[in-house]
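Each structure below appears as structure tokens.
You will see two complexes here that share subunit A, one where it goes with subunit B and one where it goes with subunit C.
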Partner chain A sequence: MKSLRSDKVLIVLAIGGYLLLWGPIIVLGIYSFNNSAFGVKWESLTTKWYVELFHTSAIMDSVLRSLLIASVTTVVATGIGTIAGYGLFKYKFAGRRFLRMSILLPITVPYVIMAGALLVYFTQIIHFPLGYPTIIIAHISFSAPLAVFVTLGRMQRIDWSLEEASIDLGANRLTTWRKVTIPLLLPAIFASAVLIFPWSFNDFTITYFVAGVGTTTLPLYLYSMLQYSLKPVLINAISLIFIITPTIGILVLSYFQREKQFTR
Partner chain B sequence: MKRFLGIKTPAGILPTLGPISVWIALFVFAPVGVIIYFSFLPADTAGEIAAGVSLKNYWLLLTGDTDYGNAILRSVLYAFITNMVCLAIGYPTAYWIARYGGRFKALLLFLVIAPSWSCYLVRIYALKQLVGYPGILNDFFLHLGLISSPINMLYTPTAVVFGLIYIWLPFMVLPIYASLEGINPALLEASLDLGASPGWQFWTVTLPLSKGGIFGGTILTFIPALGDWLVPLLIGGNKVWMAGNLIQHYFIVRGNLAIGSSMAVILTAAVVLLIYMCIKLGGEEAVERIV
Partner chain C sequence: MEEQELLPCVEIRNLVKKFPGVIAVNNINLKVKHREVFSLLGPSGCGKTTTLRILAGLETADDGEVLIEGELINDVPPYRRDCNLVFQNLALFPHMTVEENVAYGLERKRIPKAEIRKRVGEMLEFMQLDGMESRYPVQLSGGQQQRVALGRSLVLKPKILLLDEPLAALDRKLRKDMQLELKRIQQEVGITFFYVTHDQKVALAISDTIAVMRDGKLEQVASPEEIYDSPKTRFVADFMGATNIFLGRVIARSGEEIKLETETGLKIVALADKESSSKEIKGVCVHPERINVLPTGTDVKMDNQFKGRIVGMIYQGDFVELKIHLFSSKEDEIVTARLDARLSRKDSFAAGQEVIGQWDKEGSSTLQG
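Take a look at the complex of A and B:
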């Protein structure tokens, strides 16, 4: 190895990258067990903030709202997105490139723009009262594209001759879909759902723009707590939950993928 | 084959691509069309919209006594710096994982992705709690006696840029990693066989072949940083406004939809131009790497 010096630089930068990403989160996680209401001065170890979290009804209500929104979003967006990914992969047609770019649009344009546009659209054009339906519609618009591209990525690695075999052996389209296509797509469906659920649960900007009265989700509640500096330590405890939940999601997903690879 | 709008189409297209097309048309294209329309409506300072079409809102952006123009220029500058620093940290990180990750590659990538999956508000708050005052680092340094009075690290432009880097870094690493993994190892061997030194090989083979990932990562960090509003709001403490803050301010706080729309349209135009440039420079791969 000739370039030992550049290897060292590489390692230092990589470690710097990881430290930057994880440092603040880890410190916050540790301080959520801190027995000081102010949150920055370490006193002693406690889990009382977590207990208080579960006994604060406003927080629990907002968790339930977030779960409801994320569940509906996940089901609809995964459904629409998966079949669209399938269609985009299978069929070549005029306008395919345009459709692909259009689906990409909501996830590349900054959220604040699309959220503002949806707000104007809902309130001034179609006169939809702001609330659950507007939040869910907005969330689906942003997360269905995620499912489309997850599915597209997965489909390249699937053996599609099974589908043709099914048709050759006399199954009709619907049976083929049910017995062959959907089982083949299951990993993609699962991966999309695992991606979309935390995305919807964690989303702040879009929800902030299109939420109405009484639809305060957990991120919105957290925001109002930050604005008025209420109980910083309680916020630390909520934060740890926000960080742990998607992490478990990815772990489950990667475990599931590993199983798949071994059985192949 | 069926005929749809007089064009021969495979039977499966409508049921599979119909729903998403309708959805995108109704809830993405229509709202964007609406803000373009609203941006040309004259509105007074209270946000009352009058009839007619004018360029008044755009004119206001150029000549207004308030600092809209500054906010937009600041956004471009901050997003550019963020992008460059993310590239400077993200490329080596991705390269290191791809080259020396070995059997830990999956874990190392997971460690990059995981923070980006948690609530973005929480990550900003975590940073604020760490470096702010009252804050954990300040308290720690005071305790050790390294500093005699708390240092104010927040509410400055530097703090905002640092916050942006912290938030958007993961999105730079992933596309670069994907494109590095996609490089055919035979090409690297060939360059060594032909006498290239490892350094020369990096600059002439590896780097050009990963440009799709670099521009894909640029789309994923430059654009969200350009439109960010929570980082400047929470880390910049309302003192360092970016374009996203203006949009949020006019849409939500002032309720002036016409002016808000004109800003959103300008920012969208900047974003479209940027995506176009990234695709020109990085090729189609830039788009493939972002999803």
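Take a look at the complex of A and C:
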């Protein structure tokens, strides 16, 4: 009661923060309906850019490529990261601390350096042609550490006597993993995937270096559109789609999260 | 079958387990009979849980042998051992329903589905959990969770059920109810229970045999009555609440009756085992409730009468604890006595009052360590 003033200040600050966050996106959304190819001056309302978007096969192809790459990366990197996180948490061995810290490396190294290193590695050392495999390997290398971190965080809060209980009741290690450990790690696995998918989908810097001919992803395509296209307004349209889709996804997920309350 | 009954259900020989910097279990030997409740009692860190975990196969012994019905099981992995563990925190699978939790062990044994359903149903009924089948553990009360954990292990009909203080987390009233329940369940299913606890009250209430453990070694193995009435060592005496401990040496003896002079100068009459040598006797202990508090001037011929002054009174509800400073001793010797709350109100002893503390020689026990 007595802090009514500071409450008001907080509300104003919060609204300000959200405006800052949402402002550009709102402007972008509005201008995607603007009947002007260069989009600085408002002319009239139209949805023709959305129609054109779906008829420009180059854009659609790059979207599909990006979705494919992000999907494969998410599955593989989440798998690797979860198993690595489990190993780093559960098993005591020499150099464990060092290995745990070194996981940070791909996240802390500047992307351009990481990208350059990967390019040199692929072209000069293992002589691997640039294309889908190189993009996916590169994406895994910077996104698996994320899964390791998410998994390690979850493991701190898991009651490990549950694994022992499973073994005590007659399950071997493999069955215990399948029936107890993985269900317990499911929130972490899920969180990793949700984090990695957009991370991979959005990546520009590293993909720019290791992509080959014919493997232009959406971010690369948008970048080239900004440079050379006659219709930059298309970017507004596609951006809005990619803002709304994950937003709906997040809302649906948080709804289902509330349903599953049995794990505390 | 007959032959198996003759063998102890569990036998531990020269068991040793070391952790970096500590010897958790230091060469212990014990035998657990069929269909008894055997309690391993001791303070935290005494090695009791480690012993239990070695029995379950969750820790490996550094030395010694573990046998179940005469069969060496040192190298048998935990998932193939015929013993099941009820964890301290119960370790119910949070992502499975009550029914799935209880069925878990049976499913691992590849028992036909129809039989699993039948046995799980019977167990849930036996544990008074019918109607709870599709609930998750968090939706159950503390007592119900206990029963699910018990049922999950008992449904496998193990040769021995290991229990790691499963009642410790419960509040006092529920703990009392559950310890009765445990005893009833054990008698009905006829399975050997190996119970680990630091709570001497629970151990006294449910056990057929108690082993008191300290620093990785067994101090005394005996029936609850014997552990309580005749503790053999100072540690056991103290742990079982016989807090009046008089250390000293035997100065006279005729048969069972001994006279002991304490380090503080008291002369105490007590009874000792016929076989025990006087040299082995290191002292005497008396439970507080065995000490009578009499007004001064009471002149009766009784053993062990010592004048003193009440220096403290602690009201405990059902009894009053008196701290009495004995005069006849050279140094400060405080004796704790317990008075029935009804009596103390009438007699109304008060702090500072002079009284006589007295106990019969039968009410004390001699200590050998």
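Here is the rule we go by: the second predicted complex is superposed on the first by the 220 of 264 C-alpha atoms of A that agree within 3 Å, B and C clash if a C-alpha of one lies under 4 Å from a C-alpha of the other, contacts with A are read in each partner's own complex, and residues count from 1 in each chain.
Going forward, contacts are C-beta pairs under 8 Å (C-beta built on N, C-alpha and C of every residue); 3 or more make two chains touch, one makes a residue touch a chain.
What you see is a predicted model; the values in this text were computed from it and never measured.
Once the two complexes are laid over each other on the shared chain, residue contacts for A:104 go to subunit B alone; subunit C is not touched.
Of the two partner chains, subunit B is the only one that A:10 touches; subunit C does not reach it. With both structures placed on the common chain, the touch criterion links A:183 to subunit C but leaves subunit B unconnected.
Of the two partner chains placed by superposition, only subunit B is touched by A:219; subunit C is not. Touch criterion met: A:113 reaches subunit B, while subunit C stays clear of it.
Contacts of A:149 after superposition on the shared chain: subunit B is touched, whereas subunit C is not. When both complexes are overlaid on chain A, the residue A:249 reaches subunit B alone and has no touch with subunit C.
After overlaying the two complexes on the shared chain, residue contacts for A:131 are found with neither subunit B nor subunit C.
When the two complexes are superposed, the chain touching more residues of subunit A, out of subunit B and subunit C, is B.
Overlap of the subunit B and subunit C interfaces on subunit A comprises no residues. Across the complex, subunit C is touched by residues 159, 161-162, 164-172, 175, 179-180, 183-184, 261-264 of subunit A. Residue ranges on subunit A touching subunit B, taken from their complex, read 2-3, 6, 9-11, 13-14, 16-18, 20-25, 27-28, 31, 38-41, 80-81, 83-84, 86-88, 90-91, 93-94, 99, 101-114, 116-121, 124-125, 137-138, 140-141, 144, 146, 148-149, 152-153, 198-199, 202, 204-205, 208-209, 219, 222-223, 226, 232, 235-236, 238-239, 242-243, 245-247, 249-251, 254.
Put simply, subunit B touches subunit A in their complex at residues 7, 9-10, 12-13, 15-17, 19-21, 23-24, 27-32, 34-35, 38, 88-90, 92-93, 95-97, 106, 110-115, 117-123, 125-127, 129-130, 134-136, 138-139, 165-166, 169-170, 173, 197-199, 219, 223-224, 226-230, 234, 244, 247-248, 251-252, 257, 260-261, 264, 267-268, 271, 275, 287, 290-291. Interface of subunit C with subunit A (complex): residues 56-58, 77-80, 84-85, 87-89, 91, 93-95, 104-105, 108-109, 136-138, 152-153, 156.
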